[in-house]
Amino acid sequence: MRHSTNLLRRCAAEAIGTCLLLVAIVGSGIMGERLAGGNVAIALLANTTANGAALVALILTFGHISGAYFNPVVTLANASRGGISWRDVSAYTTAQTAGAFAGVAAAHVMFGLPLYFASSQERSGGRLIFSEFVATFGLLSVIWGCTRLRSVVVPFAVAAYIVAAAWFTSSTSFVNPAVTLARAASDTFVDIRPADAPGFIIAQLAGAFAATYLFRWLVPALPKHATAVVVPHDEKIGF
Amino acid sequence: MRHSTNLLRRCAAEAIGTCLLLVAIVGSGIMGERLAGGNVAIALLANTTANGAALVALILTFGHISGAYFNPVVTLANASRGGISWRDVSAYTTAQTAGAFAGVAAAHVMFGLPLYFASSQERSGGRLIFSEFVATFGLLSVIWGCTRLRSVVVPFAVAAYIVAAAWFTSSTSFVNPAVTLARAASDTFVDIRPADAPGFIIAQLAGAFAATYLFRWLVPALPKHATAVVVPHDEKIGF
Amino acid sequence: MRHSTNLLRRCAAEAIGTCLLLVAIVGSGIMGERLAGGNVAIALLANTTANGAALVALILTFGHISGAYFNPVVTLANASRGGISWRDVSAYTTAQTAGAFAGVAAAHVMFGLPLYFASSQERSGGRLIFSEFVATFGLLSVIWGCTRLRSVVVPFAVAAYIVAAAWFTSSTSFVNPAVTLARAASDTFVDIRPADAPGFIIAQLAGAFAATYLFRWLVPALPKHATAVVVPHDEKIGF
Amino acid sequence: MRHSTNLLRRCAAEAIGTCLLLVAIVGSGIMGERLAGGNVAIALLANTTANGAALVALILTFGHISGAYFNPVVTLANASRGGISWRDVSAYTTAQTAGAFAGVAAAHVMFGLPLYFASSQERSGGRLIFSEFVATFGLLSVIWGCTRLRSVVVPFAVAAYIVAAAWFTSSTSFVNPAVTLARAASDTFVDIRPADAPGFIIAQLAGAFAATYLFRWLVPALPKHATAVVVPHDEKIGF
C-alpha cells in the first residue's frame, strides 16, 4: 500500500521530468532551426545549450523524488546493481516512455505542428551505431564515476557530458531508448527515422552494459545506487 | 516598527534586483539584435546567456535578504504555502513591478532610446498562451523541487531553467507578470504588445498554481518557503 | 618584516592574476574578431565566454592568497569597510595596474601585434558614463551581496555578472580602472580611446561608492571583507 | 601485488579518460567545422564548449580513481612535489598517450575518416611557442592555486580555464604533450603538423615548471598533491 503510493509518486516524477526534457529537446530544436537562418551549427549550439540547461534543472528538481533517471537504460543499469528493485523497472520505463511521447506532443502544439508525424531523417550505418555505443558508454561512466561524490555538482557533470556528446558523436547522442522512440515521432531538427531506432537502442544497451561492468572492476567499493542528487545529511525522501 | 524597517529593506532588495534583471533582459536584447547582423538565433543566444548569467548573480546577491523572487507569481506561490505572509504580498509585488519598469527605462537610456514606448510585437493565440502555461509550470516545479536541496546550486538550476525555456517555448518564456507588463513598455527585441499581456499573465498564474499543487502531492514534506538561497548554518538574516 | 613578505606575495598574486585576466580579455577579443567573419555578436559571444571562464578560474586560483580583487575600485571598496588596510591599497592598485599593462603586452605579442598602440575607439557621451555607473554599481552589489554566503560559488556569481553586463550595457562594462587604462593601450576589439578613460573611471568609482553604501544599509551585519573565496574551515593562509 | 592492481586500475582510468577527452576534442572539432558553414568562430565556439563540458564530466568521473590528470605535464608537476611517486610516472604517461591516440582513432571512425592521417596544419614560430608557454603556465597556476580549496568546484575551474585559453592564445592552447602528439595524427579542425609538435611540448614543460616553482613561493603551505577532486570526508579510494 505504502509502497504503491510511493511508486506512483516516483513514476509521476519520472514521467513529468522526461516530458519536460523532451519538450526542451524538441522545442529548442524547432526554435533553433527556425531562427538560425540555415546555419546548422548555430541551431545545434542553441539546442545543446537548452538541453544541458534543462537537464541540470530537471535532475535537481526530481532527483530526490525518483532518482531522475528519465532513461530506461539508466534504470536498467541501476537495477543490475540493486539500486532499484527489478519489480519497479517496468513501471519506471513505462512512465519514462509515456512522458517522452507527451513531451514531443506538447512541443509540437506550442510550435503549431501536428501532434505526431513520422520522421524521415535517415540515421543508419555502422558508424552511427558505434557512435551511440560510445556516447552511452560515456554517459554511464560519468554516472557511475560521479555517484561516489555524493555532491550537488553531479547533475552538472551529467548535463555537461550530454552537451559535449551531442557535439563529439556523429549520431548527436540520443543515449536513451525512450528519447529515441519519441523522437521518431517528430519530423523536426532532432528526429530519427523509425526504422533506424532499433539499432540505436541496441547500441545504447551495449554501451551501458560495458560501462557498468567496467566500473564494477574500476571501483569495487562503488555504491549500488547511481543517483545524481543526494539530499543533505542523508535525509530520506519525506514519504 | 522593526518589521516595517525589515520589510522596507526586503522590498528595496526586490525592487533593485528586479530592476537589474530587466536591465539585463532588455539591454542584452537590444545589444544582441544590433550586433547579430540579422541572425535572430545569435541574438537570442546572447540574450539568453545574459539573462541566465544575470539571474545567477542576482539571486545569489539578494536571496538571503528578500528571497530574490523578482516575480509576483513566485511571491503568490510562496504565500499560498505560508512562506511569506499575505500582508507582505502587495508590498512585494509593487516593488517588483516598480523595479521592472525602472529597469526598462534604465536600459533604454543606456542605449539612447526613449524612456518608454509601447510595443508593437504581436504575441497572441492559444499556442503562446499554452506555451506560457508550460513555461511557468516548469519554473515553479523547479523552484518547489529544488528548494528541499537547501544548496547554493539552486540559483544555477533556476537560471538554467530560464535559459532552456526561452528556447523551448514558442513564447520565449516571460513567466513573470511584472516582466510581462514592463516589457510591454519597450519596443525592442524582447517586447510584447500591451493587448497580449493579460493572456500571458493568466497563463502564468495557472501554470504556477498547477505546479504548486502538484508538488504538494509529490513531496508532502516540502518546506513551506521556496527560497533559492540558504545562508550557511541556518544563520538568520542580520536584521 | 613578516608583513612585507606577505604583502609581496599578495601583490604578486594580484599582478599575475590581473595580467592573465587582461591576456584573456584582449587575446580573446583579437581571436574572436579575426575568426567571426564580420559578425560582431559572435565575436562578443566568444570574448565574453572567455572573460567569464577566465575570471572563474583566476578568482578561485588567487582568491585565498590576495582576495583576487584584480580591480582598484574593489580594493578601495574593501578598504572603506576595513577589509584591507589603507596602507596596502597603493601597493595593491600599483600591482593591478602593472599586471594589466603586462597582460595587454603579452596578448599583443602572442598575436603578432606591437607591444602597445594607442586606441582610436571613441567611447564617450553621457549614456556610456551612465552605463559604466550602472555596471559597476551592479558588480559591487554582487560582491557585497554574495560575500555573506562564504561559498565557493561566489566566483561563479561574479563571473556570471561580468558576462551579463558586457551584453546589457552600452559601454560593454569595463568596471575596472586598471583594465580601462590598459585597454586604452590596445587598438583591438576591446579598446577605448585614452581621452575617454577618465570619464569611465569616475563613473566606476561613483557606482562602487553607491553600491557599498546601499549594502551598508541593506545588510547591517555584512562582513567587513568582501572576498569571493573562502578557504574551508576558516583556515588561515599558510604564510 | 596490491600496488600493481591499484596502479593498473589508475592507469586504466587515465587511459579511458584521456581517450574520451580526445574523442571530445577531435569529434567536436570535426562536427563544428562541418556544420558552421565556414564561420570559424562558430566552429571554435562549439569545439570549446564541448571540450570544457567534457573536461568537467571526465575530471569528476575519474578524479577520485587516478587524479584525472590526462596530461603528462600535470603528472610530472605532481611528481616534482611528491604527489605521485616517480616510479608511477612512466606508466601514467604511457596510458595517457595510448588513450589519446585511441581517442583520435575513435573520433575518426565515428565521422567516417581514416584511423590516422598526418596533419598538414602548420603551427610554428616564436609567438605560438610563447603562447603555449603562457597557456601551460596558466593551467598549472590554476591547478596549484585551486588544489588548496579541496572543493568539487575545482574541475569547473580547470575546464573554464581551458575554454578561455583556447580563445586567448594564438596557439589555441594544446597545453598537453599527449594531446599534441595525438592531434598530429589527425588532419582535421584541431590538428598540428608533426614537425611543430616538439616546440609545443618544450614550451608546455617550461610553462608548467615556471608555474610550479612560482606557487612553491606564493603558497608555502601548498598540499603536495594537485588533484581536482576530493572524495568527501577524506575517504580513501576503495581499493
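Going by the order they are written in, the chains are A, B, C and D; count residues from 1 in each one.
Note that a residue touches a chain if its C-beta (ideal position, glycine included) is under 8 Å from a C-beta of that chain, and two chains touch if they have at least 3 such contacts.
Please read these numbers as outputs of a predicted model, since none were measured by experiment.
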item	value
Most remote chain, CA-based centroid, reference being chain B	D
Same-site or different-site touching of chain A by its copy chain B, using the half cut	different
Computed distance of Cα centres, chain C from chain A, in Å	39
Distance from chain D to chain A - Cα centre to Cα centre, in angstrom	28
Junction residues of chain C - those touching two or more other chains	39, 42, 45, 52, 153, 156
Chain pairs that touch, as defined at the top of this document	A-B, A-D, B-C, C-D
Residues of chain A defined as touching chain B within the complex	9, 12-13, 16, 20, 23-28, 31-32, 35-37, 39, 42-43, 45-47, 49-54, 56-58, 60-62, 64-65, 106-107, 109-112, 152-153, 156, 229, 231-232, 237-239
Residues of chain A defined as touching chain D within the complex	38-42, 44-45, 48, 52, 127, 130-131, 134, 138, 141-142, 145-146, 148-151, 153-154, 156-158, 160-161, 163-164, 167-170, 214, 217-222
